[in-house]
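Both complexes below contain chain A, partnered by chain B and then by chain C.
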Partner chain A sequence: MRHLLAFICLLPLVSWVTAADYYEQLNLRPLPLSALLASFNFRSNTSFYDFESHNFRYFPRSLGQILQHAGTRELHLRFSLGRWDAESWGTRPWEGQREGGTGVELWAWLESESDEEADEKWLILTNALSGLFCASLNFVDGTRTTRPVMSFQPEGDHPTSSIPNLRLLHGVLPKEVVCTENLTPFLKLLPCKGKVGVSTLLDGHKLFDSAYQSMAIDVKPICPEDGDCVLEIEQTIDMVLDIERSQRPQEIPRPPPSRDLKCDTSKPYHAPNTCFPLGYNASQEWSLSQVFGHPMKGTCPLTDPEIPPVCIQVPHSRSVYTSAGVHQMKNADGRSRCFTFDSEGDFDIILPAPDADDTGEIIANTTTTMTTTDDELIKSPTPLIYAERSLMGHGQERGGVQTILTNPSQDTEVEFIYMESLPWFMRVYLHTLNARLEGSRGKAQPAMIEDIYYRPAVDRARGTQLELRMRIPPASTVFLTYDFEKTILRYTEYPPDANRGFDVAAAVITTVRPRVQSVRTTTLLLNLPVPDFSMPYNVIIFTSTAIALAFGGMYNILVRRLVAADEAPSRLARAKLGKLIEKFRSRKSTRK
Partner chain B sequence: MSRLISSVFFLRRDPRLLKLPPYLSLLCIIAGIAWLFLLPLNDYSRRTYISENALLPGQVHTYFGGSDQNVFRAYKHEVHALIGKNNSEINDHLENHFKSIGLKVGRQNFTYASSGQTYTGENIYAILQAPRGDATEAIVLVAAWENDKGELNRHGVPLALTLARYFKRWSLWSKDIIIVIPPDSKTGIQAWVDAYHDAHDASRVSSLPVKSGALQGAIAIDYTQEHRFRSIHVVYDGINGQLPNLDLINSIVSISGGQMGIPCAIQEMRKHTDKYEDRLRTMLRGMLNQGLGYASGPHSSFIPYHVDAVTLQPFGEGWQDEMAMGRVVEGSFRSLNNLLEHLHQSFFFYLLMNKDRFVSIGTYLPSAMVLAANFTIMAIFFWVKSGSPAPQDGPDSKSSPTTTPAERHLFLPLVLVAMCQFLGAIPLFVFNHLTATMLSPAFVVVAALNCALPFLISHILASYKPSVQPFQLIKCFSLLLLGMFLSALATLNFSLSFLVGLLAAPLTFMQPCSNPVMGHTLFGVLQLISPTTVLYSASAYFHIDIGSVLKEAAFGWNIWGMYTPMVLWCVWWPAWLLSSVLVLGRPVQ
Partner chain C sequence: MRIGDLLRLPVLLAAAALPPTSLAEHTSNWAVLVGTSRFWFNYRHMSNVLSIYRTVKRLGIPDSQIILMLPDDMACNPRNAFPGTVYSNSDRAVDLYGDNIEVDYRGYEVTVENFIRLLTDRVGAEMPRSKRLLTDDRSNILIYMTGHGGNEFLKFQDAEEIGAFDLADAFEQMWEKKRYHEILFMIDTCQANTMYSKLYSPNIIATGSSKLDQSSYSHHADQDVGVAVIDRFTYYNLEFLENQVQDMSSKKTLGELFDSYDYEKIHSNPGVRYDLFPGGEEAARSRRITDFFGNVQNVEVDRVKSLALDEELLELSRTIAALRRKADEEDAAAAEAEAALRNATVAAANEGRPPPRTEMRRVQLAKPLTEENWWTRKIVGATALAGCAALWLLGSYFEPGRKRDGLVGRSKEAVVDGTAKSGP
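Here is the complex of A and B:
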């Protein structure tokens, strides 16, 4: 009875908490080259008191218990696939802060007194997360774990008293293939579980067909100026869809019928059987339900109804058609608009092709150049730094890594931290580390590498960790190269799979000035010398056969005697043997 | 047992044993040649088979066609409009086409110099990033603007553009696809592959602005003919006789012949009856190509970097159109896309008799090895012979064979052999560094020197008043080196080793003659099989000017790192020179 009373008293409070404690939004941004960026963001908070007393409301219990058990104060988990095309698409979503290298990346601040304790807790954490997310995170062992010094800073507000005891550990699994089995547990952590609201659009087929996707989970304490500290879990999914590919009704891209081809009719040779195709970047009409396979189903009732669940970033000059009952709000910045709608019913929007508004049909884009006009798309800002990393050299013995870092800005110097965590079988020669600057304007350049943190590898125990604090002057490119030697592994150390090579984790580039931004390179495929594994097998078979034959033959020759039947020792021999035995016996008896 | 050992000792002293090696040597030569001629028989060659199960050739439907043909026609018009323009203008247009498809485009300048000529150009290439890929692996489609005969690749380039546009629509690629359009088939692609692996000379070849992952395979299209084709010619020879993995050829043969119904041909054998003669002819053509070590198409430059590659050339009059060719490439790319690991399952050393019949290294290698062994046998023979004292006239010489060997004076023979061996570097250097116009006159000079040099050396040698022993030792060292080089070479380039071994086989039997007439006759015979004569007669037989042969050789040496000229001048020529000196030699009794 008292419980019920308390419940009734608290009810209004609960509803207020509900409004503030869960938030979800989908941000759509059309990109050049007929791509569409969809950023899903889900956030829920829980007070520390509730968290400590195992009172989970929106914070997922499964994850919360793991964090408590492993003493994790801040957690960042990333599942990524594909590449972000920075040249065409500009800055990464969330300034790259919600991005991971290809595969699975995990870093966390653990509260512990010593490094050994941190390692133990890290082991607990990785194993538990491995079970929760169906990922091979349990393979993040000592060889794949690093303790970055400069690259990562805690995002949350940690009490100053606990900071000396926070230890950062970082692990990457570059070979892990992210797939549906990782998405399902991700959705289960959400309060609305993908049944209603923005998350209904998250479907494995579409998500993993995208050109780039990154699933992120960030847990961190937040202490607002006015109020108690809360623990915030933020789940983010960024995906870049190829509009043409995702709108296709069938999986197989059969050539379209000739009448459906979009041709450049201005070409002199244009004919019914000759068609110069229009540029790939020619914007086309798309709708949410076509791109994601189905419309969005309602809104999650746990969110604040004031916050629009869907926003799209297109210039206000472009018209957007919506399904019935949708209210459109244009934001004051002229770049985006948001939509609110009923909590029940389907939601769909259609973005017509820019030229289709007036005439109703697509006007042939006579130029095949790359220009996209400003009234078509919101131009995303240029990233602070472009990074590209590739392997150099060939052969089985040595190799090199080259990273090309470009500062596209004309006037701003960029300071950043470049971090590599390399497997132990890649023996880096640090003395070959070389940074070459190109495109500087003839001024005397300050030293580009300002600080090096290097933790050499120990065979079979830990990998190389290299962190460089660097500076690139405006409008220049730095070629960062170093050489390495390939190790010959013991034959049990090769994975039992097909020998594709070993993946080397992405380098993490974190800019420090002018603002914090994060960029990751692609992973590398390292080919190590591989023995012919069928050879030992053959050797075993051959030696076994040889020994069997030789032994059998030799034994035969040594032991067996071939004699004719009439030559065989018959009774005579037996009689002799009998005599011998008798003699022996008699001797025995005499002794007695 | 003791009886056996004593009989061996007895046999060792038997003077008849010393008569045996020349016959053994001759037997080796005959066996080596005969072995080769056995190979095309059914009992010695095998049918090809797909070793790498992941390839699954011909197991997928190909969809290239339909309205893509309309696009192809348009690209063909675009490409034809570019005929006659310069390299950079062509690349500007191609860059626009690639960019409108949505690919990342890179351009690369290169300059090569050989025989006083400079070869400059600009490559253009586009990377189709695998939609869900991670840039760790890539496969390459090459469509050179001109093929190695200088003909315009009039269908290949538009086909590559159309295929690029078509491939972009698929989301299944696990590897990036790189489309490379070099201005020619010889230099451009070499510059590109070198730069891709950072093995380029930065002063002549610029670095690539964008790169992808490790190359897993490459297919080049050489489609020059205007009309429809009947079959596809698969060119597979790489530089220095290196070959792509047999699985790649098998997959293409299987896709083209089995799935698409387009017959395949190899080694210019347009009609192949699969009888002994045709198999032998195919094999010998393959061996000649392998032995010359010359690049046979744009694919050749990939093979030294362990990237398996072939060139596909449609030929003949038939009903197959460009779309069929495109489907072959599509099917092959789908197979390569399936690969989990680099092609390694099947053979890298093989001789093809027909598109579906081959012999592997274990079967053919003994042929060249036995041929090389004949030199070693004779070398050992002469070493033993040089150690036995000169036969004494008299009845007691036979009855009491001396056991103490005669002292060998090694200095003179060693110096002479070493000098001749290093002398080979001079023509190598001269031919690789002269300008093209100077090559023919230089060849005449070298040929003339070839006649004069043996006389000169033997004249100098005569001043030392040598006995028989130095000549035996000279021959011993010369043949030992030849045998060693050839047997080592046989594992790298079987055909070159076999050809050189065959042409050098008569050298085994050359020795000083007491009769000057006989000596000069033998010298005349040697002149007929001298490297210069063979080079000249071969070029005359194929109606190629000797100057251009030397120019191509220098080109191969300077740009591709082709080592055939080195084998010719530093292995064969010294052995020949020493043999010529021998036949002119007059040992002082």
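Here is the complex of A and C:
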């Protein structure tokens, strides 16, 4: 809990924001197993008066005009890849509030009088954003749009008069790839455009090589108690880098020669020709320029110089080396330190491995590298809930979904909302919905599902929306299962790569008590029955053959007279006829 | 000539007098770069498109004027050992994906429908401007396509095809809507030359990688990427563009580019089509490469420009004055002629002659039917009909007779029997 507070203590910077209109910061947190979490945060705001009069300063004009055109009061856009390994890495950054499901996720509060008007504005918004962010957001149509009831709450301070007219729409594209073309417009929204300051560290080659990354854009109104309301845009990138991987040269790694292998000599089968390789060294030396590909260039002059642009969360006992022009400040909590920079130059921060400490002591546990001590890492807090979701069943007709939800806390009950938005071709049998406490099969179940909001799918028009309010007792695991039927699509509804399967969007889990936290499961890959796509050609050939046979036979019957051999005029008869003709002719000629 | 026509004259004249300086010019450059192949093993088609993208960007066309269609994700593909990059050469010197790329249509959006809608601009109101081809009749467009094709078709995502006729009709619609000035159409697929064979709209230069029944081959593979990285036709085009067209000052012409095509290198017969271009082969070959691959950069020097404009305006006003004078004269002459004619008519009436026919030049559209003609025609028609009927009757009268004579073959007998049987 203390660590969490240490992490959260960086959040109060929000309150300073009104003083300086632009703020940027990079938080680095080493994670176990040679991973490194880098959280970039960029915030800028504009007063409502300036926004309404199209006077944009730090707020990006391109996005601002879209928001005005589509009547959007609050916007949340996410581009995510990879999986957050909660077991090793602990709580998600920003309590999961800046995380999105794999692919692209968008939700917004639109101001409109009716649902139809909201749909129109949503269409405008998704299409405009698809042009701005180079993503296929225009595919968020009626079948992929839901109106969540319980899961999402507005983050901004909306005037009470406009709240009845705010409508929430939510859409996900789980298949959407996230790549450099999405990062490019993201960086162009920043006042310093990725040319100077913290944002120079954002490079597509490293960002999309990471184990997990989530880009977020949040626009919301903020009304401080003393002062005018402002519209704030917050851009966040969280990425988990593999330090070892990011340090390798830009080529395919070749297996090292056997003499360079580090073997675990404690294994009983260890021999000169058998080797159990040691795991990653938890603490390797790394530097900014290594993990991000290049050093940080200058500082963005638009930020408040008081706010340190880079912070690292390592214990004070570890030493950190810096290049010239970097000034270190250790925070009072003993677990983090921040760095300020001169205005120009290339800056680097080097974190040496703890065993190569300036004290020169070799820590004894470097051979058993899987364990890490408190001296090396700040331990991440445990999340309120663990969730994993998978597909069950077999065959082409039916299937099931199972979500395993675990409450790791020993004493606190967790209440949360579980939301699924499923595609229409996954027909859910709601009566099979079942929540089972682990190890209580056959025993009386405590009622865990408190409330259900269910909006069934309509074929080709809208997807299923399922929201459950649930409660899990302390230190227990719940299996949530339901069955579904797979639909056979029409021939033209299959995408070009139908055999790959269809992506099902991540489930969103929002805890309500003891505090708000957000968790998303991974997406599912659903295999639908896929026809043989050469089928139409086979059908054409087959029908053509059948028609040819039928027509030929019919035609023959119609125009030919079929007679038995004995009924047909015989050769003899023909000869007689010939003679008769000859006789006739000769008579004619004689008559002449 | 009436006063209204006269007032319109300066406008018409201005429109007619100004273009000679700008007729051969374009005021904007656009590029439509389309890859049509999905799946990892078609990596080379992606790098084909991206190398052309890099070239046009290098020569100054901004991202807002490039429509890039990429049907699959190669750069961030899990199979790609080099995330965020696409290479077109195994030396991996240039990362085509780079740090600044904007893809307009990607993934499932790359369809035949979207491509044709893009060209013809038949899109919904919600379509953002960055995904539209906002060209006009002074825009030069480079259209580059690559993928898997065949005789007169090109496959999109292995799921649908665009035909050569579809493409030709789309270009025609663009021409009708005044959506281009000149088009350079390049295509790198198997049997590529068949794709442009059906084009019929003017101002198009087309080139393809291989003729009918010829494959278009890949150039080389990168063992670490694991697949072929570029096609031959595109590779040698790029080689020329990179080496010979360094910047916008290049004077290289399309003719020189087309002459650089070599069967020994490309392993197929690239084709070029000039006949749609006004001025034919000669005019098309003399077009600069930068007219299509680079962005137009008209430097306007204020003084010179204004001097030229002054001169032009002076000349124009002189012409207008002269024409006005001429028109007045013509009007006067017409009035005189009319007066003379009236006098003549009066005189003729006095003399008892018919007045001279003034509407002699009018074209007679249809011949009026005269009374006597109508009756003869009716009679001729009736006679012809009666004759036909008589012939038929005669024939049917003689037929049984001939049959009795045994002159009819067996098969004919069978047919007659058959129809007789199925009749009732």
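Quick note on the criterion: the second predicted complex is superposed on the first by the 475 of 592 C-alpha atoms of A that agree within 3 Å, B and C clash if a C-alpha of one lies under 4 Å from a C-alpha of the other, contacts with A are read in each partner's own complex, and residues count from 1 in each chain.
Operating definition for what follows: a contact is a pair of C-beta atoms (placed from the backbone, for glycine too) under 8 Å apart; a residue touches a chain by one contact, two chains touch by 3 or more.
What you are looking at is a predicted structure, and each value in this text was computed from that prediction instead of being measured.
By the document's definition of touching, both partners, chain B and chain C, reach A:Asp209. Looking at the shared chain after the overlay, A:Arg436 reaches neither chain B nor chain C.
By the touch criterion defined above, A:Arg585 reaches neither chain B nor chain C.
Of the two partner chains placed around the shared chain by superposition, chain B and chain C are both touched by A:Ile252.
Judged by the touch definition given at the top, the superposed model places A:Lys195 against neither chain B nor chain C.
Within the superposed three-chain model, A:His69 lies out of touch with both chain B and chain C [touch as defined at top].
When the two structures are aligned on the shared chain, A:Lys330 is found in touch with neither chain B nor chain C.
Between chain B and chain C, it is B that contacts the larger number of residues in chain A. On chain A, the surface touched by chain B in one complex and the surface touched by chain C in the other have residues 81, 208-209, 252, 497 in common.
Residues 33-34, 81-83, 85, 87, 102, 208-211, 242, 244-245, 252-258, 260-261, 263, 267, 269-270, 273-281, 368-370, 388, 390-394, 400, 402, 497-501, 503, 522-525, 527 of chain A are the ones that touch chain B when the two sit in their complex.
Taken together, the chain A residues at the contact with chain C in this complex read 81, 123-124, 127-128, 130-132, 134-136, 138-139, 175-181, 184-185, 203-209, 250-252, 495-497, 558-561, 569, 577, 580-581, 584. Of all residues in chain C, only 38-39, 71, 73, 75-76, 81-85, 92, 95, 97-104, 106-109, 124, 126-131, 157-159, 224, 405-406, 410, 414-415, 417-418, 421-422 touch chain A in the complex they form. On the chain B side of its complex with chain A, the touching residues are 54, 63-71, 73-75, 77-78, 96-97, 99-102, 104, 129, 131-137, 165-166, 168-171, 197-199, 210-214, 305-306, 340-342.
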